[in-house]
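Okay, got some structures for you below.
Common to both upcoming complexes is subunit A, partnered first by subunit B, then by subunit C.
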Partner chain A sequence: MKIFLLKGILKDKSRSLLPIIIVGLGAMLTVLLYSWLKGVIGESIIMNANFNTGHVKVISREQAKTPEQMAIDLSLVNIAELKKELKKNVSDMDWVERIRFGSLIDFPDSEGETRAQGPVIGWGLDILSPNTKERERFNLAPSIKRGKMPSKHGEALISEDFAEKFEVKPGDVFTLFGSTMEGGMAFQNFTVSGTVKFGAQVLDRGAIIIDIQDAQQAFQMPDAAGEILGFFNSNLYDTEKAMKVKVKVNAMFASDTDKYAPAAITLQDQEGMGQYLDYADAIGGILITIFISAMAIVLWNSGLLGGLRRYTEFGVRLALGEDKTHIYVSLLYEAVAIGLIGSLLGSFVGVLISYWIQQVGIDLGGMMQGSTLMMPTVIRTAVTPTTYYIGFIPGVFSIVIGNALAGIGIYKRSTARLFNELEV
Partner chain B sequence: MENEIIVKLENLVKRFPVGKSHFTALRNISLEFKKGEFAGLVGPSGSGKTTLLNIIGSLDTPSEGIATVIGKRINDLSHKAAAHLRNYNIGFIFQTYNLLPVYNVFDNVEFALLLQKMTATERKKAVMEALEWVGLTDKAKSKPALLSGGECQRVAIARAMVKRPALVLADEPSANLDSVNSNHIVQTMKQLNRELNTTFIFSTHDEKVMRYLDRVIQLVDGEVASDELIKHED
Partner chain C sequence: MKYIKFLLIFLLAINSETYAKYPDAAGIIKKIDENMFSTNRVFESVMTINGKRSSRSIVSRTYSVGDEKSFTEYLSPASEKGTKMLKLDNQLWIYSPGTDRIIQISGHLLRQSVMGSDLSYEDMMEERKLTDIYDAKVIGEEEISNRKCWVMELTAKVEDVAYFSQKLWVDQESYVPIREDLFGKSGKLLKRATLENIKKIQGRWFPMKFTYKDMLKEGNGTVFEMTDVKFDQKIPAYIFSKASLKK
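So, the complex of A and B:
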């Protein structure tokens, strides 16, 4: 009987083609959206971690009250000692100090008058030591548009967009103005070694990157830093591990009563990243629910139309001695078969496209003008194991639900009524 | 047993709800059919022929009276029990053939056997034999759309006969056929009636069919107007 029904599905194009196309499209869209969102979320989490939050971040307790607003005067001190302690207690992480600052930069002309001037956000990073991973975290080398990487103290990278706007080129000298850790006036000269474009609007509007030691010098904060970031060696964020590190680090300084004593926070604790991570986990469920409902409604209707056309068949089958329940159940079997075929085709195409977008990426820079979120402008999908089966869930369920609803008509009609449809 | 009664109808009444009242399609029908009969219900359109066949075929139930078919009381059969009765004991032939267009001739006939516990080889043998009865072994692989009306109806006869039911109900089987084909299919059924001792009950307007009947029951307005046995000179 099952073979017989399967034969019917395969031979009766009008019965199977439309549902297979709908199921296939739904499965494909589910796969695409899922891998797309996973990709976007995954990449912006990585980007945020690298530029901003680390996997774990150690800052002063005072700074921890407002971790979004980095303030030079709330920096950590004695960081050489502190880093040593951190490395000893949490050895599977890379601990790096950074200084984030806001300041004004000023390009003088040959007479020493201001030629161009603008506010920037800046990073003092370890870019000069031979084994530093900070260059990779900021993806510096590939992001350079003009010039080259800083190779000695006193050199800086600035945003290409900013440089273009103010007609600045590599080799130009500028003065950095800011306030020191003690609240005094800070100024220091730097040479532009190159310009960078990161592919994130917030960064590309106006940023400078200098070496951490230059920053310490400029802001008069020797052996101090705004933050010490910890990155797992795997480079992947792990909620549980991060929580453990946070608890451990906070325990290390529990007895310290100083309000500038170190405090640890995780990636999740920062700037809505927690919600973002929850969202990333929930995304599969959300998509499945949306697609099951939408497709089930379409398939219910096409099932009703298909069912009308098949009253002859149902009538004949009743006459031949099949009972209604059996016919109804066979409709559900058909739904499963069509659902599987459609999902298989749809998922196949969906995974192929996702895989392709994962490889080449799609540049959405133009659409994200003015965005303050740290989101990569080149979108890549992420093909995960879930990508391969997620399309099957809405694919199979929607048509089973659709057919189950459509098939109720068989029950509602009396046997004789169904049978009478034969006569017309 | 030559005189076994396989259909017994006692004071059958069938009413259909029409709006708030009822329409009485069958009134007080009492009839018996014996094994091996070749009988026909004749009468004007709307006289209740199809309604009566549906009740005998356990597709519908009477409003009053008792219908007993092959030892089963139709009145109180469950869906499942009715289906079982049809599956093993009753074959149907329709005016419009009602072959399933997606399947070929062989599949259409085999379909009738799929609900019975038979192996594929047993089924194949039975299907080929049934196609032989109706002279269509060479069309086994054809799709119904490629067959003539007469051939389609012969496939339908094979489908009804393949499980060798005790009873075949044929509702105007020749209404869509020309006279040559009408004669042909009735002759085929008559032959099966003789060889397999299958009981046939027809409904028909068709003179050519009536000529072959052994018994003609006239229905008028849902009542039996006459019930005659016909003597054939052969």
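So, the complex of A and C:
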């Protein structure tokens, strides 16, 4: 019967073409939207983890009350000892110290007086050690637009947009001006080794990257750091593992009553990342629900139209003695076949387009002017194993539900009136 | 009608009695200005900043001429030694010996804290006479630290002021404010200053110890204590030049 039905579908285009197109479009849109959202959210999570949150972050208890603020006076102290403890107790993570700061960059004129000034957000991170992974986390080398990576202390990378605005080039000297950990004035001269473009508006407006030791010197923070970030060796965020690390680290310092004692928080404890991760997990479900609902209504309507068109056919089949349930089941089989064909075609096209966008990317930088979110300006889709089958779920379900609803009409046909109807 | 007339006369009587109770506000702030402001002054001070995690003291020497010129050199601790600040009218420059740079401070940066204290650059620069920038009225009489004070309300009459309004408790004997509550335009209390150790120096009453508390930040405030103050001195003109920053 199945082959008979399939032949019917393929030969009777008026029965199959429109539903296949609708299912195909729906499946394609599902695939595209899913891979788009996965791509955007995935990139943002990776970017946030690498730049700001780590997978687990250790900060002072006071800082943990407002982890999004860059309060240098709430920094951790005795970090060499602290890192040793962390490495001993949580060995499957890379622990790195960083200093995040808000500061001012002052560019001198030929007399050494202020020519221009601008606010920056800055990172002091380990960029000079031979085995550091921080350069990769910040994607520094590929992000360099002019100049080169810092190779010695006293060199800095600044945002390309910021450098252009202030007409600064590699080799120029500037003064970093901010507050020390104790609140005093921090002044330190740096040479621009290169300019970088990270592809995130919030960073490209004005960022500076210096070595952690230079930051410690500038802000008078010997053996101190704003935060110690932990990254899983797999480089993938795992909620359960991160929670375990958080509990373990907090237990290590539970007896310490100092309000500046270390406290651990996970990626999802920070800056709305929790909701973001939940949202990322729920995307598939949300999309499937939306598409099944919307397409089921469209296909129900299409099924009703088909049912009207096939009114006579069903009447003849009933008159010939075919069971109503048999007709209804054959209608559902047809729907499954159409759903599979449409989903296959739609998913194929959807995956192709998604794969292309994943490779090429779409630059939305112009739309993100003034954005404070740490999001990449070039948006890429993410083709994951789910991308290949997600289109089939709404594709098949919607047409089956649509036809199941439309097919109920078969049971309302009265056999006694069939001949009257067929005479017309 | 008879009753209304009676009521009006009664209210006028009460009102005039209220005003008669307190001295003229303009006269009080004029006397405050005469005490607190001079043609010029040279002073050494110790600023103790009681931060969230620790306290530290910074010693400095300041030369100032009216509200136009001011020059401060930080003498200790070692990390701040040699840092100098020059204010000329509305401009401020800082010299840091470590970088050998003169950096101009302007715009919103003037509202930033000086050396992590409860004082902003704007606070340090604000040297204008109260009579020039505020309208005043006396709103009551209170006793603070066993001193009888006039309670005054000052409201800005010019645009470019750091604090839109102030509430002062002015010592009735010395005409020195012994407490100042400084408010923003929204009416929010931004800072509180307590002035103590009032001494008579060169014929004027002057507080030698100021305690500032930024009400928007944690910490226990900043104590600014003058160890030596001289008024109406001969200050060489070169002190107030950018060249002197690097000397």
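One rule holds for everything that comes next: the second predicted complex is superposed on the first by the 414 of 424 C-alpha atoms of A that agree within 3 Å, B and C clash if a C-alpha of one lies under 4 Å from a C-alpha of the other, contacts with A are read in each partner's own complex, and residues count from 1 in each chain.
By definition in this document, a residue touches a chain if its C-beta (ideal position, glycine included) is under 8 Å from a C-beta of that chain, and two chains touch if they have at least 3 such contacts.
The shown structure was predicted, so the numbers you read here are calculated from the model rather than taken from an experiment.
Novice: Should A:R309 be classified as contacting the first partner (subunit B), the second (subunit C), both, or neither?
Specialist: neither
Novice: Considering only the touch criterion stated at the top, classify A:L320 as touching first (subunit B), second (subunit C), both, or neither.
Specialist: In the superposed model, A:L320 contacts subunit B only, not subunit C.
Novice: Using the superposition on chain A described above, determine whether A:Q117 touches subunit B (first), subunit C (second), both, or neither.
Specialist: second
Novice: Which partner does A:E182 reach: the first (subunit B), the second (subunit C), both, or neither?
Specialist: Touch status of A:E182: second partner only.
Novice: Considering only the touch criterion stated at the top, classify A:F4 as touching first (subunit B), second (subunit C), both, or neither.
Specialist: Touch partner of A:F4: subunit B, not subunit C.
Novice: For A:K165, is the partner it touches subunit B (first), subunit C (second), both, or none of the two (neither)?
Specialist: Neither subunit B nor subunit C is touched by A:K165.
Novice: A:K84 contacts which: subunit B (first), subunit C (second), both, neither?
Specialist: After superposing on A, A:K84 lies clear of both subunit B and subunit C.
Novice: Can you list the subunit A residues touching subunit B in their complex?
Specialist: 1, 4, 7-8, 11-12, 15, 312-313, 315-326, 414-416, 419, 422-423
Novice: Residues of subunit C touching subunit A in their complex?
Specialist: For this pair, the touching residues of subunit C are 49, 51-54, 56, 79-80, 83, 93-94, 96, 98-104, 106, 109, 113, 115-117, 242.
Novice: Which of the residues in subunit A end up touching subunit C in this complex?
Specialist: Touching subunit C from subunit A are residues 62, 73-74, 104, 106, 108, 112-114, 117, 175, 177, 179-180, 182-185, 187-189, 220, 260.
Novice: Which stretch or stretches of subunit B touch subunit A in the complex?
Specialist: Checking each residue of subunit B against subunit A gives 50, 54, 57, 59-60, 79-80, 82-88, 90, 92, 94-96, 98, 100, 102-103, 107, 110-112, 114-115, 159, 171.
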